[in-house]
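One structure, as structure tokens, below. Some questions next.
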């Protein structure tokens, strides 16, 4: 079943087409990857899907509902969570507080509940704490819970970002370069983590530069160049696609890995 | 988790006990008691500042202005219009809440520096109205003869000590509300906005709405403080609503600790008494204060309470890692096998 | 009609002053992303230092402005080095808090040295010029001419000189800071020096018309913020257009409506622009 359906998606900055006429079907329970040379518009597509940019053309349908141009905070409520390319955390808060922040969108507590310490408020806080700890344990970083998020190692920060996203209880998780800036060994660990996420019934869509990771992980790959689709298919199809080969050979090899 | 609560609760309890016994320890020293009352009044306004600046990370340069609105609503209604203090006080709270919410309609659309500039304009407009609209506000001559609050039974608010405890009651309320907010999802929401609006958005926070509510809450606190200030002081002029006041409140919160529960109290009392010590330098005050503020944001941006909290938190994190790391390692190997 | 011409020139002269002051503010914002709330107090200090050179030292008017501009450029550099540079990685609120601290410090310094009372500075250019029946004082003509000349020089500097080009480059793309081998530090200091010098020229020009007081900068602050928000933060053409527009609106409103309305117009503009388009009317299309 198609969870996310994108049709004719486009974004213009000034006169420049950053993304143009992109179609994409993200199927439930699969891992869909978006790849392409630098500046191909991968992150722009993510920003359009999660509502950070307003599309200038096309539609985005999620779970059968049109969410084109909705604000990010409403798309999260609908069940789309995302991480950022440059790891983005509440650095002055503890790891646990970061993940608890991911619970905000599923909470109903108000200032009055907090001030009066109503039973429903207490129940909800307790439930949120359980959920947050669950997400931390799932991401394998529970022992860092009381550390400041800005002070833990890069790899842990990346995992915190995923735990925060998971705490919002998404159906679709958008990961922007989850393995950017970490070592090869750690990348393997991230591949496992992403598989476990999918095993929990969460659909994943990711932008990534590390080809080995993509090819072993993704069920389907969308290849972008200059903001346009040049191929869409399974890893095997993509590997054989002449247009893809051309785009990648045409691009500077160094670029492919140098962006971190 | 229990460790943190106990240490920090002990700190709060100590401050509370000190504030309660202070007037008895100072029996006969009316001037010092008056100073304590003033510091407590400012501290309430500082709690409002703490919500918008400390927790939400938005610099409101109109805070002194809203304090002034609180003062003037109580002052004018009780003197020129014969209202009782309590009904005027309620009016002050409503007026500051509503004007804060209305300004928030624009404020919620503005980001960071635009918010500060916008509130600077709002603060200036408030000051202009208070100082120039002479037929209503008496302009520069101000208001005098603001009555004490009407007492209940044996409580007589013309007694300085009764007034002190009245202010302290509201101060305790402000501190408790901050405490409750900080420990709840509401606090996490505001802190999320402070750290990164984009990130807050990405986890489902309605940034605009929450900013507007936080701003309205902050102006309401300022209104409560202003209303009490009018009664404590008895006479006021438009200078009590000037930008200088915003600056002093800023100093209180910086010294105490932005975003902390006890920072506003600690900062207000410490700085009020420092001001008092250097009173002879009144006209040179800002020559010293300006650089002190700058030095604080450069070298000690966390404030007294902020540093104490950070110290406690660091020790706790170390302990958690020591206790839980072996377990985590064990569970990871299990998964692999 | 005579009144209109009179006020038109008054507006243009005021606009020149606003432009010079606002450009510095917008440059500092564009290059360093700092809304320098202390800019108005640099302007105020510039006026007093000009006054000092003119009366206490006794140099000619133009030389006094020039010397004051140099002094203030140094003050600007010190402000950047001692206050904003250490804060470059702090949250944006800290910049503004520090700027407010600097503002109060400068005001207090002026008050201690020159007192809180108003001071008057004599214009060396006496007399008036008759245009279409209106009597335009030479001082205003001088302001307009100097403003145009300084703006032209500034444009030349930014387009032609390597330092100017770097400033512009940094303004447009902060990541390209290390362009042409000029360090970001140099650019920051240069920007502050330039901003403070421009503010001083503005203050020195207008001082003979207005009175000097330690709070004259605070009154200007809001107006120049209104101007650069109207023109788009960081935009020099925006600051120029905004400066003249606001000055003309202010002068015309106080002439034809009421002086209170003239005083309030800057705030009305500011609040209205922020309400309608929070990033300013001519803001560059910065997409996030």
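Going by the order they are written in, the chains are A, B and C; count residues from 1 in each one.
The rule is short, and it goes like this: a contact is a pair of C-beta atoms (placed from the backbone, for glycine too) under 8 Å apart; a residue touches a chain by one contact, two chains touch by 3 or more.
All of these numbers come straight from a predicted model, not from anything done at the bench.
Distance from per-chain Cα centroids to the pooled protein Cα centroid is smallest for B.
Farthest chain from chain C (centres taken as the mean of C-alpha atoms): A.
Separating the CA-averaged centres of chain A and chain B is a span of 39 Å.
The distance from the centre of chain A to the centre of chain C, each centre being the mean of the chain's C-alpha atoms, comes to 46 Å. Inter-chain centre distance (chain B to chain C, centres taken as mean C-alpha positions): 33 Å.
Residues of chain A in contact with two or more other chains: 52. Within chain C, contacts with two or more other chains are made by residues 288.
Shared contact sites, meaning residues of chain B that touch two or more other chains, fall at 198. By the touch criterion stated above, chain A contacts chain B in their complex at residues 50, 52, 71-74, 76-77, 81-82, 84, 88-94, 97, 100-105, 107, 109-111, 113-115, 117, 121, 124-125, 128, 137, 140, 142-148, 164-165, 168.
Residues of chain B that touch chain A in their complex: 176-177, 180-181, 183-189, 191-192, 195-196, 198-199, 201-207, 217, 313, 316-317, 319-321, 323-325, 327-328, 331-332. Of all the residues in chain B, the ones that touch chain C in their complex are 53, 57-59, 61, 105-106, 109-114, 116-118, 120-122, 124-125, 128, 132, 194, 198, 243-244, 247, 250, 254, 283-287, 289-294, 297-298, 301. Interface residues of chain C facing chain B in the complex, by the touch rule stated above, are 29, 33, 35, 37, 82-83, 86-87, 90-94, 96-98, 100-109, 111-112, 218, 221-222, 225-226, 229, 233, 260, 263-264, 267, 270-271, 274-275, 278-279, 288.
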